[in-house]
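Per-chain numbering from 1; labels A, B, C and D assigned in written order.
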Amino acid sequence: MKRSFMLVFLTVLIVAVTGFAATPKDTLVIGSNTGIFITMDPAVAYEVLPNKIVAACYAQLVNLKAIDGVIVPVPDIAESWEISEDGLTYIFYIRQGVKFSNGDPLTAEDVLFSLKRPILLDSVSAWFLVDIFGINKDNVDEKIKQIDENTITITLNAPYAENITLGILSNMFTGIVNKDVVLANEVNGDLGTAWLADHSAGAGPYVLVQWERNNVILLEANPNYYGSQPPLKRIMIRDVPEASNQRLFLERGDIDVAWDLTPQLLTEAKKNPNVVEVKVPGHSNEYLAMNASWGPLKDPKVREAVRYSINYKEIVEDIMLNNAMLVQGFINKGYFGYVEENPFYQDIEKAKALLAEAGYPNGFEVELITSNTDTRKAEAEKIQADLAKAGIKVNLVIVQSSQMYEKYRAQGHQMIIAGWGNDYPDPDNLAMSHASYRANQLAWRNAWYDDYAATLCEWGQIEPNQDKREQIYKDLTEYWFHNGPFAMLYQTVEFWGIRKEVKNFEEAAFGYGMLFDFTKVSK
Amino acid sequence: MEKTAKVSRPFMDDLKHTAFLWRRSRLTMIGSVIIVIFLLIAAFAPLIAPYSPVEQNLSIKLQSPSWQHLFGTDQFGRDIFSRVITGSRTALWIIFLVSVISGSIGIIIGVTAGYFGGIVDEVLMRITDMFLAFPSLVLAMAFAAMLGPNLTNTIIAISIVSWTTYARLSRAEAIKVKSQPYIEAIRAAGGGNLRIMFLHVLPMCISPVLVQLTLRMGTIILTAASLGFLGLGVQPPTPEWGAMVSDGRNFLIDQWWISTFPGIFIAFVVLGFNLLGDGIRDMLDPRLRR
Amino acid sequence: MELRGKLLDVSGLKVSFYTYRGVIKALDGVELWMDSGERLGVVGETGCGKSVTSLAVMRLIEQPGEIQAGKVIFNGKSLLELSEENMNRVRGIEMSMIFQEPRSSLNPVMKVGYQIGEAIAKSKKMPIKKTYPEVREMLKLVGLDPDRVMNSYPHELSGGMSQRVMIGMGLATHPKLLIADEPTSALDVTIQAQILELLDELARKMGNAVMLITHDMGVVAEFCDKVMVMYAGNSVEYASTVELFERPLHPYTGGLLLAVPRVGRTDELKAIKGTVPDLVDPPSGCRFHPRCPRVMEICKENRPPLVQVEPGHFVACYLYGNEGEVKENA
Amino acid sequence: MNFGQFLLRRLFLMIIVLFGVACIVFFIANIIPADPVGAILGGNAPPEAINRLKAKLGYDQPLIIRFGNFIAGALRGDFGVSLKTSNPVMKDIMNYFPATMELAIVAIIISIFLGITLGVLSAVHRNKAIDQFSRIFSILGVSMPVFWIGLLLLLVFYFKLGWLPGGGRLGFFTYPPPRVTGMYLIDSALAGQWDTFKEALLHILLPAFVLGYNATASIARITRASMLDVLKQDFIRTAKSKGLKRNVVIYRHALRNSMIPTITIIGLVFGGLLEGAVLTETVFSWPGLGRYITTGMLFLDYPAVMGGTLYIAFIYSLANLIVDILYALLDPRMRM
């Protein structure tokens, strides 16, 4: 590893022009705030950009592909699979002849080890397996078994729809790691997680060569990749914490992709002929949530009044500068079960009438908490001004995101602006979190203890018939619109500023933010 | 022909002389004029400000300076001129409170340490060293995070971080005054420790601390700005200069006015306080008054 | 105008200070002169401008002071017209100075040997290191043990020792004129005598002229050949020491001498009434007239010029028939 | 009290101060009403996952025990494991601190050189053009926030003129020199890689100037004041009476004396630098300890914040100790 690393940089050194000219032809340079990254271990990684890096370095049991606008699970290491009659057991047939980046062959044993690892590590993303599928440390050995040298079976605790199961299994934590290399680097029983934080031992198109924290992450093409060699030999992610700096570097040509621009910075950067804007529908949403157990917000009429006070159009157009989609249901556009309807708009008279009906003719005072990013602060100030028109006096409390979640999880908030990023591309993930308090997720946090909605969610989870399932989600959304504790602001749009030399970046980025296929990008 | 000697009472002469000195040093004059303007702006802010500093009007957002909007508008279409004018009240409030709190903590600790000396001095000075050794921004961040981000907590956070200099200053002064013969005389006449400390030692410390306070008033606004930059400062929509500069930084390249005008006002006020501080120090420094 | 003093001739020297309180006319036409090897005492109450005169001669008057007018001819050169560089070639080499506060006149962070060596090195244009043997010689001459004093710092020396160092520094370059500004007033009496004796002995041996500035008439009597009495920025009387003590002509000089306790005097000491005038707006005419017991009308209008009424005895007073007057500067 | 005792007493005091700082740090870290584990797990994680991780990291132990472990660890230089980077905090500090130290050293060199020159010039030419300029320069230094100045200079020198690089410690494609001290300037010089040295120098100029700007302002003010004071002293008049040239009087005699109060300020100002790094590093993407602590703060990564802050306090006290020793060397009167 060391030798190739030296080789790579020596070539780069020779070919390197001074820092001020354009980036080399065979390398994609991304500028991003890497300060917030925690680890690159597939079993543990849980953030947006790191997940995409892990996806580039590791082949997975099952992968996702965007086929004509809809995300569908596709074979990867599991060449094919079957489901038992009772829908509880999935049998996966492992692809033969695949090699890891260091040349070792990828066997079913590696797959077994990789699937068990997150559970044994109590890792962050393990809750999918533990809390949804009911596979925990005690029963992991009989739930995940190796039948023969190319078959693996996984048994679930309930007959989930195929889309849900495969959606969950396409997450990062099923990245296949090279068992021998990982165990060789194990440190006092940590299953190699410290080593994997900044090294890679996978079979994906790229290899994690170096991660100097707060400075640079370098990926290099994997010579032994079983698929076709990617057009770009190297991906380099430079740490540029300040959004306005990312824009300067982009316009000067020192970076090819600015990852964290604000809408305003992108609008300005677009004026430069060398800069192109790329927009792709995202998979998360942004909402205003109301604690249904606090004061006036207990009354659904008051919640409805709040929903009619907000000017959603202005938020999308003036705050997000059209880098967002006006979607007011909780199921994302591009997902099965999406409901086209957007019933709410700013109608101050109606809001005031509803407030009067509920017994608050001259409004009330409420505290709105949110995290301290530029966009969230802008949204908070906008909503504060909108609600003021309906007589609701909003006091803002802008804190670190860690403190916001602390209060949110303890149901200690009154109003909050936050967002939800999907874990797997199925309406179940959104329904359970936004509508069922029994899932201990967002609905529970906002103290919306509604059994009707919770039951609907559970039906939708196991309903085999697609049309019936769609109707369930339609009824749930209708009900949720007018009784839920949420005012959905928008569905996110992923947007980047890139150099015009970077080709088919949009194809690589399409995937509702769940995917980013580096192998498609070229220069 | 004998010219009669001018009858001059000592105090009047002193006052006339101070006024004379004041007029003579141009810079102090400029300094005090700036501060007076700052106080007037703060006092009559609602009258001066043409628009409401808080009301949003997204149709006219990010307009460059024009006759309707002297300093242009920000990303929410709010008039920056009105926000800067109203912001002067917040700035004054922060400066006043922080100076009073950190000044009094500093003086009390400094005088007690200087006056009693020995163990008391040792312990208090070590505590001061602790706060000095501690990176004050991290301390301020921690307190602001702990108490929750709003105006009063920002003030407390900054005061907790900035009293150390005054403690050292007043301690040095107290030691100097304590050794004066007239203190022995008062003690001989039966004056208690507390009486001596508050009536004799404390007033002597006021002038150097006052000078240091005026010099540091600028940095108080800066600390508030740094807290704003790290996202812990005053909550919107209250206009506060530091937060305005930090929020405007993403617009620095194309909408330069959002950050620049509050920045200029900060520099303006800091310049005023510094010149005033230097002037007061020169005036109070006996050597310069020959 | 032939020179009254072959070594130094100061005439019509005027110096003022621009302060917040107004323009202080410190020197208003000072006259004094010296021959080489001579000892001139410059006496007068504090604030009469004697120190300012010495600084003006050395051209060390700094902001906010300014030399308005006058001529200073020293060793054939007119000092006030010299460029700063040429003046630096005179200072420290042909003419040097010692001050009243010896310990604060030495640089606290530099070794004593180095500071003395600096003066020699400048005059002989050689590196300071090379001057150390000569410095040791000088220290011996002023009665100090070179081994101990050479490498010590000013705060480690006593007042007397520091003044000896200053004398050593002043005389190290064998200047033609040494100006001593109240060299002994900061020292206690026993040390004063030793220092004066040392100064006398060295100056005699090296043949340098000494201008001694003091308010102590006793010191003048012992040390100086000639005396110039100053009052409020003017030279009022000049004579040999003997002549002055026996027949003081100017009323102020008389008053001065009466105020000095001398062995064998029994009569009561009389002080001169009134206080030193405020130099911001000095009295008109002769500046002593408000305090002069024998004041006349003319004294109030005009200022008497310094005229030689007897061989070697000059006085500026209308009592002795001096005619004309000295114009006030604007 | 000879030099040895002076040193011993100061070291003893330093330990007490550091112990006090450790208490403050621990007190703050554990009183902030937000749990770090939640921060690491992010928004979506359910309560069960949080409690599991909390137990694993020992966050459910009583406060006193955790404080004991923290102090015992600190003495051994072990501040526990960072929640975010999952390696020992001390390893992280050793990794990031050289970057901050290098920035602080270059900043202090710039501010000493610039500060003293400005201070002396404005004292010698009082109230003339240079004096006014230097006062305005220092006032600006004290009145404009670091990040505003940083962004402005970046905009002008990097974006518009292109003379200086934009940020980071080296060009994107330059290979960092073999690690000896972790400071690129020294390491590249040791390894003789002069083009890397040049590049590192170019990269450090702007951030160091911005970080040092505030320090330059304070040093200039103090030097001017103490220079004016010294020039009024008697021994200056003696030096002039020895016929020494003007510059000799100013630089050999006056400057050395006015250095004494300036040195003490440099000690205080150095502390300000370490702390100013927090902002400068963010603006110039400088991977130093300042950013490590700020990102740690965002994530409430207690071990990292506690360890980092304690380390900065240690360096600050050390710097002050060195300044006091320098003070004694410079001013013979101090040496008993």
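A few points about this structure:
Basically, a contact is a pair of C-beta atoms (placed from the backbone, for glycine too) under 8 Å apart; a residue touches a chain by one contact, two chains touch by 3 or more.
Owing to the predicted nature of the structure, the values given are computational and were not obtained by experimental measurement.
Ranking every chain by how far its Cα centroid lies from the centroid of subunit B, the top place goes to C.
Simply put, of A-D and A-B, more C-beta pairs touch at A-D. Between the Cα centres of subunit A and subunit C there is a gap of 91 Å.
With centres set at the average Cα position, the gap from subunit A to subunit D is 38 Å.
Between the CA-based centres of subunit A and subunit B the separation comes to 47 Å, rounded to the whole angstrom.
Distance between subunit B and subunit C, defined via averaged C-alpha coordinates, is recorded as 51 Å. Shown for subunit B are the residues in touch with two or more other chains, namely 145, 249, 252-253. Across the assembly, subunit D contributes 32-34, 151, 155, 159, 294, 297 as residues in contact with two or more other chains. Residue positions of subunit A with contacts to 2 or more other chains are 242, 244, 248, 400, 403. Residues of subunit A that touch subunit D in their complex: 9-10, 12-13, 16, 18-20, 23-24, 29, 35-36, 38-39, 46-47, 122, 124, 126-127, 130-131, 193-194, 197, 212-216, 236, 238-242, 244-245, 248-249, 251-252, 254, 400-403, 405-406, 408-409, 418-421, 423, 433, 439-441.
Contact residues of subunit D toward subunit A in the complex are 32-36, 38-50, 52-53, 56, 84-87, 92, 95-96, 151, 154-155, 158-159, 162, 165-169, 171-175, 199, 282-283, 285, 287, 291-292, 294-295, 297-300. Residues of subunit D touching subunit B in their complex: 13, 16-18, 20-21, 24-25, 28-29, 31-34, 139-140, 142-148, 151-152, 155, 159, 268, 271, 274-276, 278-279, 293-294, 297, 305, 309, 312-313, 316-317, 320.
Those residues of subunit D that touch subunit C in the complex are listed here as 233-235, 237-246, 253, 256-257, 260, 330-333. Those residues of subunit B whose C-beta lies close enough to touch subunit A in the complex are 54-56, 58, 61-62, 75-76, 145, 148-150, 231-232, 235-237, 247, 249-254.
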